[in-house]
Amino acid sequence: MKELMKEIRQFTEDRDWDQFHNGKDLALALSIEASELNEAFLWKDAKDVKIEKVKEELADVFNYAFLIADKYDLDVREIVMAKLAKNAEKYPVDKARGKSDKYTDL
Amino acid sequence: MKELMKEIRQFTEDRDWDQFHNGKDLALALSIEASELNEAFLWKDAKDVKIEKVKEELADVFNYAFLIADKYDLDVREIVMAKLAKNAEKYPVDKARGKSDKYTDL
Amino acid sequence: MKELMKEIRQFTEDRDWDQFHNGKDLALALSIEASELNEAFLWKDAKDVKIEKVKEELADVFNYAFLIADKYDLDVREIVMAKLAKNAEKYPVDKARGKSDKYTDL
Amino acid sequence: MKELMKEIRQFTEDRDWDQFHNGKDLALALSIEASELNEAFLWKDAKDVKIEKVKEELADVFNYAFLIADKYDLDVREIVMAKLAKNAEKYPVDKARGKSDKYTDL
């Protein structure tokens, strides 16, 4: 994962785009890419989704998510594991099992 | 990264949440978490942003992004590298350098 | 406003698009259009924003927002006034005046 | 509609919130509210949606959409009618009838 982040950072540095990459605009860009990913599913059943579109837009989402992690010096593995631990407390297996209604606050 | 994805998948399986995790709702959930991350920046200058909020919401974004990758059997490294290669063609260093206007179509 | 909603509904009916317009996809479409509006501001200062883009994307946002109101038989004026009344309680003038921090939960 | 916009503007002025209401943050707030509306549909079938949640979040969406229109001195009826006219050219009745695939680019 660290190597992948290095590649992404290099791409940005090569183009001198750091100057645009403040946290607020990176988060905004991430949100826009997440919306483009959602477009792959709009007005459609799951079976009609084009996997190529999913691949491309999900790649864009990861790209910005990693740039934000890099910007704030966050260890992706660490923050995700910490959140899983927090969610494990909020949604204990015996209570949350098979229930989507609790899940909506995740 | 594969280990992290395994942890995330395990969390879901333990709660029997696979049944809710169709691609469309996962993409929607990702988008909602991206919005919550944006809330950390709303009405604020970058300097007033609370890093704890960024950590938590970015972790949620990664969580769903990995679940989508898992759902469609995508190799995160592979799709991100493929997109970087595509973007490198679209934004060659000599033309894109220091320009945000080209970047908006990324 | 009612006449405008009638025009929007007519446009949809003429194309027999009601069949795609379930609440979930309409809300998703609204969210996607809101993201396209945000694209007008991405990597930019307010002064560099192109008003034509704002006009078009904001029109799309209103289009879907009215379609959702129509779908659920909601009176736009009524729900907005009800929410303003609720917000007036949550953010009393004397306490909320000039403070953005309270505002973020709006 | 103009009266409703006046009420919304008054609410903002009473709290001296104009200072936070730049176009970029207003668009961001709109997008966040659109996501909260989407939360009403997340992991759910249309029939399980709670109408009270839809009302409240749609009201928030309209609130910010009107504030943006106000900010840029846009006539909502005018921009929506102009977009409908443009879409009518892009999706002529005889070609777009009953097809969701053309619709996805709307």
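Which chain is which? They are A, B, C and D, in the order written, and residues in each are numbered from 1.
The definition used in the following text is that contacts are C-beta pairs under 8 Å (C-beta built on N, C-alpha and C of every residue); 3 or more make two chains touch, one makes a residue touch a chain.
All values derive from a computational prediction rather than experimental measurement.
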Option reproducing the contacts of B-D, where over half of them reappear, out of B-C, A-C or A-B: A-C
Which of A-C and A-D has more C-beta contact pairs: A-C
Averaged-CA centre spacing for the pair chain C and chain A, given as whole angstrom: 25
Geometric centre distance via CA averages, chain D-chain C, whole Å: 1
Residues within chain A bordering two or more other chains: 20, 28-29, 31, 34-35, 38-39, 41-44, 100, 103
Of all residues in chain A, those that touch chain C in their complex: 20, 25, 28-29, 31-32, 34-36, 38-39, 41-43
For the chain C and chain D complex, residues of the former touching the latter: 1, 4, 7-8, 11, 14-17, 19-20, 22-24, 27-31, 34-35, 37-38, 40-41, 44, 46, 49, 51, 54-56, 58-63, 65-66, 68-69, 72, 74, 76-77, 79-84, 86-88, 91, 93, 96-98, 100, 103, 106
Complex interface listing, chain A residues touching chain D: 28, 31, 39, 42-44, 100, 103-104
